[in-house]
Amino acid sequence: MTKTTVTRRGVLRTGAAAGAGLALPTIFTASSASAYMNEPTGATVTLGFNVPQSGPYADEGADELRAYQLAVEHLNGEGDGGMLNTFSSKALQGNGILDKKVQFVTGDTQTKSDAARASAKSMIEKDGAIMITGGSSSGVAVAVQGLCQEAGVIFMAGLTHSNDTTGKDKKANGFRHFFNAYMSGAALAPVLAAQYGKDRKAYHLTADYTWGWTQEESIKAATEALGWETVNTVKTPLAATDFSSYIAPVLNSGADVLILNHYGGNMVNSLTNAVQFGLRDKMVNGKRFEIVVPLYSRLMAKGAGENVKGILGSTNWHWSLQDEASKTFVKSFGTKYGFPPSQAAHTCYCQTLLYADAVQRAGSFNPCAVEEALTGGDSSLPGISSEANKGFLFDGLGNGQTLYRGADHQCFKDVLVVRGKENPTSEFDLLEVVQVTPAAQVWYEPDHPMFAGGSLGECNPGA
Amino acid sequence: MDAFLLQILNGLDKGSAYALIALGLTLIFGTLGVVNFAHGALFMIGAFCAVTLERLLTLSFETIDPTKTDFLGNPLKVKTPYVESWFGPETGAAIIDWSVPLALIFAIPVMLAIGYAMERGLIKHFYKRPHADQILVTFGLAIVLQEVVKYFFGANPIQTPPPEALRGSVDLGQMIGFQANAIIYPIWRLIYFFFAVAVIGGVFAFLQFTTFGMVVRAGMADRETVGLLGINIDRRFTIMFGIAAAVAGLAGVMYGPLNPPNYHMGMDFLVLSFVVVVVGGMGSLPGAVLAGFLLGILESFASTTWATTTLPGINQIIIYLVAIIILLTRPRGLMGRKGVMED
Amino acid sequence: MGILEVKNVSKNFGGLKALNNVTLDVRENTVHAIIGPNGAGKSTLLNCLVGKLIPDTGSVMFDGQSVLGRKPFEINQMGISRVFQTPEIFGDLTVMENMLIPIFARRDGAFRMHAIESVAHESAVLEQAEKMLIDMKMIDKRHMHAASMSRGDKRRLEIGMCLSQEPRLLLLDEPTAGMARADTNNTIDLLKQIKAERDITIAIIEHDMHVVFSLADRITVLAQGTPLVEDEPQNIRGNPKVREAYLGETA
Amino acid sequence: MLGLGKKDTTLLIVVAVLTLCAPFILNPFPAGSAMAQFNAGYPDLMQRFVIFGIFAVGFNILFGLTGYLSFGHAAFLGVGSYSAVWIFKLFTYNVLPAIALSVVVAGLFSLLIGFVSLRRSGIYFSILTLAFAQMSFALAYSVLSNPKFNLTNGETGLQVYTDDPQWFHSDRLPDLPHLFGLSMRATHTMHMGDWSFSFNTGYYLCAVVMLLVFYLAIRIFRSPFGMMLRAVKSNQQRMNYTGLNTRPYTLAAFVISGMYAGLAGGLMAAMDPLAGAERMQWTASGEVVLMTILGGTGTLIGPVLGAGFIKYFENIFSKINDTVLHGWFGFLPDGLEDVMVFIVHPFIGKGWHLTLGLLFMLVVIFLPGGLVEGGQRLARWIRGRRAEDSRRKTEPAE
């Protein structure tokens, strides 16, 4: 289903129209002139960076934006080239994408699906963006992914951790580099069992919306498989700012582990409250009481301050990784901005490079060609025998060997299990990597029940 | 029983925050007749007074530690706060440790000044304007204040931990004869509750027992008459606005250690505190306090597992549900006066 | 047999007895004045008549039907209109609109989407309103905002609005309070004219003895929530009890 | 004309011309130029202007006429959107039944909430409506999206999946909301030299609907019914003693404005088949209040202006970033360029809220009647100038 031969008819006609100037207005519809939505016709190509700039995730959004700007610099051959130097695919030359200079527009998702779609639409309709990327929550990712599918542009998801993004809400035009709730559970559970023992009773506090539920489901399944017992699962309202009434009953419940399926502000507050209530100083069932935060982010960990010390969780990537690619990226980002990048920044940078590389290899911006280049390959991750182990395999972007799987457009790579550092040397040095869980261990089949329902559908070039 | 007591404590604690904010809102409303949508922002600014003070106290100079490296591989710059070099590491560290209680002292003049400036500079011109205009201008102000804070401090929450000695929790259950771990409660939350009671008591005593307070109360009841008596009531009301701002600010300072402050915490409380004020009854100070604690306790009980399994989602809607029931059975809230804000 | 019969009405506020066993009879087509010193319970009584307050005990009958328990708008529909101490008009609306509203309300069917202009030729509403404005001598002010008029004009407008509903009983609560002497006399003339031209009963609460004695056919004197006397004006003037309770103060 | 007075007819015609020519008016700058950033003539934003205009005009029927300040109107908009998307999911992508149902459902929902809330007035009424709306939001966000009974699809928003039944859908029809086969997304772009203008089907559908309901709003404002509502706002006391039960009137106004909100919600879903729970949150209700006050409460055109104003800032200012700034000020010497970027930076991009907040304050401080008053002052000033000019011209002749 390769569609790399793109007609240049549209280019000619638009060029002619522009050339005719004011003399004769030419009327045409987008669909009849271009082979696909927003086909770039000039010397530049426009990417749309849609990140939260207001609301609680604004700082994360700002970091994503920094990464995007860095990626654009590197694609256009400015700066030190960053991970272009370490990326296993060498298609990109530092002269833009397909010889077109990369430009970008930015927008504010406000972490609301409506606002995110509005801003993505404006990039597509007004600015002619050929690809939309970014975001800091799964609701937004799913909503914008749906939009991009309808509109016929590519969506490279930013930070989105819900199983649904590449599960029941997966779309042919959408791609996720970030890991997901299932992977967090699969990576974290063995470490938890090793550190805290197999005879544990867990109490879940879960943010009462889609992401929270998939997170709870995943971690619950993974820990129960290792022998843990789940004492209780409690849903907390998204708008909750104080968790005292949810934390207070935990000590008397007979549980000896508290799992906080919270993210962002919810996580900061629930963790702060839990430590306040002295949970971590207590002995229950003859064991030390423990707290687990399945999805960590360094930016948020900073908000939780001292409270994160010694607490286990998982993360997509961390700047202290010592592989060549990570070191290159940290150096490049750190030199430009003065502090190390967050995992959101890393994912967004990678997504931009991956998209550019796919276009370059496909020789076209046509979304269908890009999809083919990004996931249509036959290479596979070593050590996993599965029908579905097929897609685009790459390395050198910081997570080791990574597979963009064709079946659901999800990346498979090593997952980091991290712990809040006891003696940080700087304000960035908050997490330490406990274990790098190999991709094989977090592998699942595309028809896994947690990801069932929904289908990719056909790629949509929008014309 | 122990679970019950625990939720009562939680409720009182939540209620403390609601009551303090609602008290300030009612003071402003009762004295000036202004619907202040920027009140949540004042609460937020209070919390950021603590953040600012902590930043000031930890202003540091840098020395280079060649044995360690930073994330780029350069020699690590170690920061030493000036206070530590001036007063010695121990005293200096203690001062930084106690920055939240110190921030109370810092916040009072700051908040009074902000309140005073707000009233004289802006609110004054809106006494005679419709409530809708007051809402619009104070809402605009709230956005501006919040964005300014975001500009300087970012959007992420910032920890303002309590002093080392006041961290952690006490086993209240054991003190009154339950078994261990039955009722464990964080020290700072207990402090917060007593602080709230003290502030509320202070405001009531001030209004009840000082001449100033008596004039203000008379003015709340009948502004014109008091004005006719030749008393400059406006001036006193300006001061009351400052006091209301200070109450909100102090509530914010003390709230920081419970949940790390962020720039939009005021908006999170705004709607809730309006519900509290109205449920208490417009213009009634005791009503506001009563409603604050009542809603706090009900919210706590609604979030118990028992409640959420009986009625899924009850924890999300309880406050609004109670507000509806109360307003339908008691037309002017719990203790509202007739004719206030009914048209 | 009066048009309005108040029997044994009592009303307490907390411990305060505002009305104590009040019995009163307003005869049809008379002007009945209720007078009394401040705090005598005049306003409370009036509020009981129009449904704003519900008496603790007793009955209030209008034309043989009880008004108790009915809402103000229902009592108005029975044929009682009320004029307030401070004129209650629609300040944001024009004089003409002010006059149209009670007429529409009387027809009880303004639930329509026609522009005023188009209503004009299909109904008598506009005509009726114009006529009333002419009667009230304010037709030239029809496009003014009601709030921008003088107090006397507002009063006349309010009375006109009440009359346009053709009520059987018009209640007036100190209609000349706060008015200059000239305005007061105009109001007296207006009320006299109304009395002469219309088939209407008027009950008036008043402080100003000049007004009371120029208009009233009968007078009830209220003191401390209890009716002292009910009689014709000339008898009231000489009554020593009244002098002591009320006129004594002003004399 | 159409039963309207001369002034109203002129207003309607002006609004009609502006709406129908919006693709030109909103794109005044050539596509490639630095000022193109300020162009608002792309389908999504034009649709939003009109849809939120409808929402605000409807809200103004309640707030502007009766003075009842509802803080929960977003709930009706949300309910409208959900209804429309359910029609898409179950039956057809044709927008007409979806919009019709959204109006009906919002009407019923507002009848219920209005019936209860209107038992109170003033701020008590506001808080009752707020409470109902916040409850709806909380339920839609989580409880009503549980896997067993998924009515709203929670955080992500209700959307159409390929395995939805869509009983009346056929392969001939577009796989997006359409009007008898005419896709809402279909856009004709017209190039005139450096300028380009987009004509979008969805926008014109919204525009026609808006003109209809705007006409309806004028009729309501000028009708005896509208007069009664204004009387309720002006003096409830007198209204009670005029033999009129105000409840049916206020309830009717509440339901009508709820239906306007539902219509707006239905159109939003028709333009973009996704219904998110956030559109029911109090901030969304607050937004329509702000739109109305900002534009001019109780005026016909004010709410539309207010809606346009807020949506413009949300969508245009939030997209200006430092790169764009450097583009603007690039002609300045380096140092000066950086200074200018530094000064403007806090107010654009992620600072768009700050600009909006400042403008709220400025408008309400200096233009108590909202933007409409601003327009009137401007008109008076121009007229005054002209009058002065003509006087000056005539004076020497005398």
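Odds and ends about this structure:
Just so it is clear, A, B, C and D label the chains in written order, and each chain counts residues from 1 on its own.
By definition in this document, a residue touches a chain if its C-beta (ideal position, glycine included) is under 8 Å from a C-beta of that chain, and two chains touch if they have at least 3 such contacts.
Everything quoted here is computed from the prediction, not taken from an experiment.
With respect to chain A, maximal separation of chain centres occurs for C (centres as means of Cα atoms).
Of all the chains shown, the one with its CA centroid nearest the global CA centroid is D. More inter-chain C-beta contacts link the pair B-D than the other of C-D and B-D. For the pair chain C and chain D, the distance between C-alpha centroids works out to 46 Å. Mean C-alpha positions place chain A and chain C at a centre distance of 74 Å.
Separating the centre of chain B from that of chain C, both taken as means of CA atoms, is a distance of 51 Å. Averaging Cα coordinates per chain places chain B and chain D 34 Å apart.
In chain B, the positions touching at least two other chains are 316. Chain A has residues 58, 62, 208, 235, 237, 239 in contact with two or more other chains. Among the residues of chain C, none is in touch with two or more other chains. Pairwise, the chains that make contact are A-B, A-D, B-D, C-D.
Those residues of chain B that touch chain D in the shared complex are 35, 122, 125, 129, 131-133, 135-137, 139-144, 146-148, 151, 271, 274-275, 278-279, 282, 312-313, 316-317, 319-321, 323-324, 327-328, 331-333, 341-343. Interface residues of chain D, counted against chain C in their complex, comprise 3-5, 219-220, 222-225, 227-228, 230-231, 233-235, 237-246, 248, 252.
Across the complex, chain D meets chain B through its residues 63, 67, 69, 116, 119-124, 127-128, 130-132, 134-135, 138-139, 141-143, 146, 236, 282, 286, 289-290, 293-294, 297, 346, 351, 353-354, 356-361, 363-365, 368.
Within the complex formed with chain B, the residues of chain A that make contact are 55-60, 62, 208, 232, 234-237, 239, 241-242, 244-246, 248-249, 251-252, 265, 268-269, 272-273, 276-278, 281-282, 284, 299-300, 302-307, 319-320, 330-331, 334-335, 339-340, 425-426, 428-429. Per the touch definition, chain B reaches chain A in the complex via residues 2-3, 6-7, 9-11, 13-14, 17, 68, 70-73, 76, 150, 154-159, 161, 167-169, 181-182, 184-186, 188-189, 258-260, 262, 264-265, 268-269, 299-300, 303-305, 308, 315-316.
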